[in-house]
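Following this line, the structures themselves.
In what comes next, chain A is part of two complexes: it sits with chain B in the first one and with chain C in the second one.
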Partner chain A sequence: MTTEEARLPTRQLIQPDVPTFDRRTLKPEARDAVTGLLLTMADDEFVLGFWDSEWTGIAPLLEEDVAFSSLAQDEIGHARVWYEMIAQLTGDGADRLAFHREPKEFRHARLLDHPRTDWAFSIARRWLYDTADSVRLAALAASSFEPLRQIVGKVVREERYHLMHMDAWMRRLAGHDGEPRQRLEAALAALAPDALSVFTPLPGEERLIDAGLLSAPMAELSDRWRSEVGGLLKELGLPAMPDGRPSADGRDHSNPSDSFRWLWGEFTSVARLEEGVQW
Partner chain B sequence: MSREETTGPLNQPAPPVAEGRLDEAGRLGEGARSDVFEVFRQEKDGDPMRHAGNVTAPDIELATHYAREFYSRRQESVRLWVVPRTEITDLSDPDLLQPPLDRMFKKPGGYVMRDKLDVAKKRAAAEKK
Partner chain C sequence: MVASDGRNPAVTPGAGRFARSSGRRPTAKETAPTIATRPLESAVWAALHDVHDPEIPTISVVDLGVVRTVETEEGRVRVQLLPTFVGCPAIEVMRVAVEDRLSEFADNVSVEISFAEPWTSERITPEGRRVLRESGFAPPAPQRRTSVLSVLPVLPVAECPYCGSRNTTLENAFGPTLCRAIYHCADCRQPFEQFKEV
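For the complex of A and B:
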């Protein structure tokens, strides 16, 4: 390898998933609103991907270990796509967004603030989140912003399998009386108060809807989600998710939780070794 | 299910079941079973299905998910077949597959054509004249 080659960023070797687009096709206010929406989606996927990657090497079955790690990688891959789209919209950098923000600048839902905990907890959290994500993606499937619509079409196809995989585990844990079911019930009870946080109302939400970028307000999506999860919960004899609407502070990390501070310390540990270095 | 049973009729040693993990995690509940599923994959449309390997899973649903992650997560397959190993009929009896008597006459190579071909060529040449 020549010195010249060594300087080339590795990223250029990867086929870009985000098509090059002209950001001026969006009015500045709509652009800000889309950026805000994308940041919530990117941070959700990124943070969940890191929590779930912690199961690598310690999952309950070898095959599940590989599969669950692969799902976690998929989420980080989705985050990469959303960060890159934000980067094109704002002139920011995907790596900076992922690894060089302070904990308080993250916008992931509070549901994803909990640590990995036990297997039932990770499965329950992932199932609640994947279902919410599928409702959110469906509301973007006909977005007026072409590059967003394109990526959503691809992401949905992967998320479908994630959800099937999680459904299988929900049935498995709920179907075995004793410890598996008890742990699942405890996990769902612990997560329920934060489950709606995925649908925290967004700044500029009306603009997104007026411009045809998003099909319905977050509060309405939260109702759809409740009925989606309600189906399997009822079938398995598990309590329904609580009524109510998402509160405004579900993505506020002005006072980051200890668990997220710890995770942030982990996932930025290499990037922070030397500021500004070229890998 | 015991280790012997998971070996199945193929007389192949089953891949090691991570018993330590099962016990330690203890999350599959009483009577947890780990079965072996053989996986076949098609690389592209029109190709034959080829044996890819196997996965150990508690049921066919998870086996399908694991097969997908193991044999197509890099988009290397267009189709997978996932088969419980216990459903495979094994035929490896040498009396049936490798009979002791000479079977040369069942192979095209069992016939010596060279001399016959020479005679036929000569006859054909003579008839032309």
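For the complex of A and C:
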């Protein structure tokens, strides 16, 4: 190994990717609420990124092998900046948050608890998540917390490609009668009960709104999302997403699912090989 | 010459496998007269042209539009870099390469990642677009404004870098790196990559 190769990753660990900011610009109550919000976003992207990476090498098309690996890299990259931002707000470590928490401590939406399953299922889940995430990001686009607003401005441009890709696949699967459409319909029916979990109300949500950090309550965002996705579902002759408001326990993993326990075992396996190792 | 931390400054990504092979880099001593006769800041900008994107080693970080600001004062240089994509693994390599390239200009060189403004494909300079085309990459298409949830039925068109045809189709919005998409040219029947429009 050359000197060059040996030293690059070390520096990577030393310098966080998120610009440093003064955490005192946020009042302590708002800081807790922002931390809670960021943790939900980070865990969503992190967990989905790892599910995506499960397609690497075995996607139904070589192109999709590349696409899903790229999607995974995007999402884990987004999770990284959110974890680093939390680390700055709380003094915690981004690596600890990502790789050294117990499954029950994660706050990802229940929608992301399902295993990869089949291709139609992965597409349906990703489309539901990407559309929901877009509505959430739009509600943060004018956030009064500048470091958050800046990164949202960047992330939105990348997520546009995810939406575009999922939209094309939804049309492709729904447009082929027989197995593709049947599998898509089955996937949407199985996922619909958990679709709203992305909009699970956050602790201290009213503080976020009062401080101009988030533009609307999660329940309101869930209505906005339902009408946004309604357009394509109707066009493709697929059932609309069920009415109702997100329940309070949509991000509760006090009793983690088997599928998430398994995924957690996978994504923490390297970190657990040797405690405290640096590379 | 060995830097104070024991690293040999000659072994840097800017001079090694990450960069276009452009021969030996002038040492600080050789470039010193130039620096003395013009502002430090423009010398730094000039030096930054030697640092290349590790994923497309023909384009410099300046032409890629990754360098946001250069601030200089006595004994201190501060540079801000904008990542092309949030999860871009190359940004770390670029940061280290920039630090190493600038180490001759000041004792205190800080290279920071910034999100103060989003990097967009509009930031690629005309020279950068030329270099991309020459290297077989279609430069990004001009930016179109779209709403967050638009489903984009109209896909961007890329010009084939080999034959100039616009009779091309997007094969995959996701290419070998986060910032590249894959197209196919129906005229010269070549697949090619486009630097994504973001």
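A few notes on this one:
Note that in this section the second predicted complex is superposed on the first by the 263 of 279 C-alpha atoms of A that agree within 3 Å, B and C clash if a C-alpha of one lies under 4 Å from a C-alpha of the other, contacts with A are read in each partner's own complex, and residues count from 1 in each chain.
The rule we apply is simple: contacts are C-beta pairs under 8 Å (C-beta built on N, C-alpha and C of every residue); 3 or more make two chains touch, one makes a residue touch a chain.
From a predicted model like this one, the values you see are computed outputs, not experimental measurements.
Three-chain overlay on chain A, with chain B and chain C in a clash.
When the two complexes are overlaid on their common chain A, residue A:R245 makes contact with neither chain B nor chain C. Legend: residue contacts after superposition of the two complexes on their common chain; A:G77 is shown touching chain C, with no touch to chain B. After overlaying the two complexes on the shared chain, residue contacts for A:M164 are found with chain B and with chain C alike. Of the two partner chains placed by superposition, only chain B is touched by A:E179; chain C is not. Of the two partner chains placed by the overlay, only chain B lies in contact with A:A120; chain C stays clear of it.
In the superposition on chain A, A:R96 contacts neither chain B nor chain C.
With both structures placed on the common chain, the touch criterion links A:V155 to chain C but leaves chain B unconnected.
More residues of chain A are touched by C (comparison of chain B with chain C). When both complexes are overlaid on chain A, the residue A:P60 reaches chain B alone and has no touch with chain C. Superposing the two complexes on chain A places one region of chain B into the space of chain C, and among 1-9, 19-27 or 73-81 that region is 73-81.
Taken together, the two complexes place residues 63, 66-67, 70, 161, 164-165 of chain A in contact with chain B and also with chain C. Taken in their complex, chain A has these residues touching chain C: 2-4, 7-8, 11-12, 15, 17-19, 63, 66-67, 69-71, 73-78, 80-81, 131, 134-135, 137-138, 141, 147, 150-151, 153-158, 160-161, 163-165, 167, 228, 232.
Of all residues in chain C, those touching chain A in their complex are 7-8, 11-13, 16, 83, 85-89, 91-93, 95-96, 112-120, 146, 148-149, 151-152, 155, 171-176, 178, 182, 196, 198. Those residues of chain B whose C-beta lies close enough to touch chain A in the complex are 18, 21-22, 25-30, 34, 55-59, 61-62, 65-66, 68-70, 73.
Across the complex, chain B is touched by residues 59-64, 66-67, 70, 118-120, 161, 164-165, 168-169, 172-173, 176-180, 183 of chain A.
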